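The structure that follows is given in the form of structure tokens.
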Amino acid sequence: MPRRTIQQFRDERAHGHARLLETEHLGLKRFMSLDAGAYRDGALSSRTKELLGLVASTVLRCNDCIDYHLEQCVEQGWSDPEIEDALNVALLVGGSICIPHLRHARLSLDELRAERPGPPGPPPGIPGGTGSAT
Amino acid sequence: MPRRTIQQFRDERAHGHARLLETEHLGLKRFMSLDAGAYRDGALSSRTKELLGLVASTVLRCNDCIDYHLEQCVEQGWSDPEIEDALNVALLVGGSICIPHLRHARLSLDELRAERPGPPGPPPGIPGGTGSAT
Amino acid sequence: MPRRTIQQFRDERAHGHARLLETEHLGLKRFMSLDAGAYRDGALSSRTKELLGLVASTVLRCNDCIDYHLEQCVEQGWSDPEIEDALNVALLVGGSICIPHLRHARLSLDELRAERPGPPGPPPGIPGGTGSAT
Amino acid sequence: MPRRTIQQFRDERAHGHARLLETEHLGLKRFMSLDAGAYRDGALSSRTKELLGLVASTVLRCNDCIDYHLEQCVEQGWSDPEIEDALNVALLVGGSICIPHLRHARLSLDELRAERPGPPGPPPGIPGGTGSAT
Amino acid sequence: MPRRTIQQFRDERAHGHARLLETEHLGLKRFMSLDAGAYRDGALSSRTKELLGLVASTVLRCNDCIDYHLEQCVEQGWSDPEIEDALNVALLVGGSICIPHLRHARLSLDELRAERPGPPGPPPGIPGGTGSAT
Amino acid sequence: MPRRTIQQFRDERAHGHARLLETEHLGLKRFMSLDAGAYRDGALSSRTKELLGLVASTVLRCNDCIDYHLEQCVEQGWSDPEIEDALNVALLVGGSICIPHLRHARLSLDELRAERPGPPGPPPGIPGGTGSAT
């Protein structure tokens, strides 16, 4: 069976997320809201925190979470070498049990880059160039 | 019984680490070397990767690893608000099961700051001010 | 690719379970038997323990186990608001890394409710109304 | 070295918890608040949800979290046989790697019972007798 | 949807593995190399270490890693009863949350045996017969 | 505070184990019995399965379980180089988050060897010499 594409992931996630939020459970809705807020600019930039989220998702081995944060990282201007350097930290910390997730991440990243014409580098207008979280 | 101090942690870690490295097992020695190398400057700065290591250690709930990376983060100029913002990501991702580790991290950070006279901010000479990983 | 349906899960589980039990390994057979026994009425009711099993499966992030216990919870008369309140505990304890599993659970629960005509409430004859494990 | 007593745990937790809440990080404070709210009466009773929290903490192998929820369970009237039946579910789900935590829980429960003169049964005034979560 | 076959797993793994190794990240390449080396003959035989890898993969619940090590175990002459006895250890240690992975392993093992005409016993030429890791 | 000695571990484990087994919960008692049985001679030797238990305990990062299986491994004649080769597999699979547990294992092993006068090699009478699980 062919690999789930990143667009299939987006569609499944959107559908499930919308269904979850139809709940009347206030606690559940507040958690989702708090989770979104954790990645907004604070003492650390949103850009930096998406990279933290990617590494957390990788050591905890969740492909859905990896795909979500990878897309955010790409949108926020992280380059492939920077993302690989972050995933390498996850690999050392989490071990070879994470390798299937590194394969998944590499193929998802290929799909994300294919969607965006242009080099796998930071978009214009992001200060700090490579290697900097701002 | 009183809490293990950060100096006790350093001493225990140093002793155990030295004993481990007396091994003749080449694979073990190479892993330790590779692990150290993952945090050196690369596409991402060492500074950024120590923060990634801290978050990975927190979601995986390892107090020894948290203490190690906290000390690196402090030495590399991350401020308390920045470290807290990173630990908040770990808390959202890893859940309340991580709260005992956040308590531990907060008290370790207090000890680390007490060791270094001066405000809990970035040392002079680190470009980029707060919020930037360089 | 379309989502695995709850019926597909049942079929796959039944097939794999039957194959496992063809073993001559007495320990393996005894474990499976002990596992089934843990959820029978004891000091706690079977009904309560299926809810415990659902929460344990969610914080440990196993979709197969979630689907199994969800079906037991529905059969034992737990309502959607009660199941959501239990899943909210799992979400707080296990963190946002569990969110993909909450999405999965919500959609599985929709399938289970669609299979059973009638309101998503406790079947007649279960004492204690909502909120009570008996 | 003697085992950490339940009173030592309370003191350490209170101290660390207070220190954490001195933060100015709104997200962190909101998470702690949301976490407390998850166990208040809702579709499920607080009593039931503390038992869910105990099982989640056991399969995730966190002694601090186990001690916290054990105390809540005792205060909310769960008896020893009921708590053991819940811990047995955690043992089957989480495996023998949880046994050290079952030993810890048993000894903590002994301490909690020793603090409260009277039989290890539900306090007067809790409807439903044994086996019922209300 | 039909179960992923072992051949599909091989193809997906080979494709992802090749893509990963196109990286210029030296750390990542070194980790992959170190990981392969851990299973070569050393103080323990390669044969024994593949069985260790299978058990580690099962308690950590990674189907990709289970399939990889199962194939190595079959190639290195472990019989079905021996593999089942190892998987039973994993089941006891890791708990019922591992049962879906035991079902997966059993069906993968059936596929591997179907590929190799002959009894599910050690190939000729492996000293030590059943039960011995050499 | 000084490191917990292996004798302290034995005493604590024995005390907690005895207290657990005073339970009237048949399921709990049966699990403990099944767990002990998993390591007796079967298709795999007891000796081999204790090594599997050690690796499972290390990737799951449980010091109590590591100490227990280390002692069994030493009693069953595994040498230090063989145990290190097994722990190296655990390290590669489980990652650097396991390093504190490798430090712990190394120091426990030193204590175990100090208790038993003689070289860190297999006791007389164990067939197969180094590297063989029989």
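The letters A, B, C, D, E and F name the chains in turn, as written, and every chain counts its residues from 1.
Convention: a contact is a pair of C-beta atoms (placed from the backbone, for glycine too) under 8 Å apart; a residue touches a chain by one contact, two chains touch by 3 or more.
Just so you know, these numbers come straight off a predicted model, no measurement behind them.
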| item | value |
| --- | --- |
| Co-neighbours of subunit D and subunit A - touch as defined | B, C, E, F |
| Centroid comparison with subunit E (C-alpha atoms), farthest chain | D |
| Centroid-based (C-alpha) most distant chain relative to subunit F | A |
| Between subunit B and subunit D, centroid-to-centroid distance (C-alpha), Å | 30 |
| Between subunit C and subunit D, centroid-to-centroid distance (C-alpha), Å | 23 |
| Rounded Å distance, subunit B centre to subunit E centre (Cα mean) | 34 |
| Subunit C, residues touching no fewer than two other chains | 1, 25, 27, 31, 34-35, 38, 42-43, 56-57, 59-60, 65, 81, 84-85, 88, 91-94, 96-97 |
| Category of the chain touch graph - line, ring, star, complete, other | complete |
| Of subunit B, residues touching subunit F in the complex | 1-2, 4, 8, 12-13, 16-17, 19-20, 23-25, 27-28, 31-32, 35, 56-57, 60, 62, 64-65 |
| Touch list for subunit C against partner subunit D, complex | 34-35, 38-39, 42-45, 48-49, 51-53, 55-57, 59-60, 65, 79, 81-82, 84-86, 88-90, 92-94, 128, 130-134 |
| Complex interface listing, subunit A residues touching subunit F | 59, 91-98 |
| For the subunit C and subunit F complex, residues of the former touching the latter | 25, 27, 30-31, 34, 37-38, 42-43 |
| Residues on subunit B engaged by subunit D in the complex (per definition of touch) | 1, 3, 61, 81, 84-85, 87-88, 91-92, 96-97, 99-100, 102-104, 106-107, 110 |
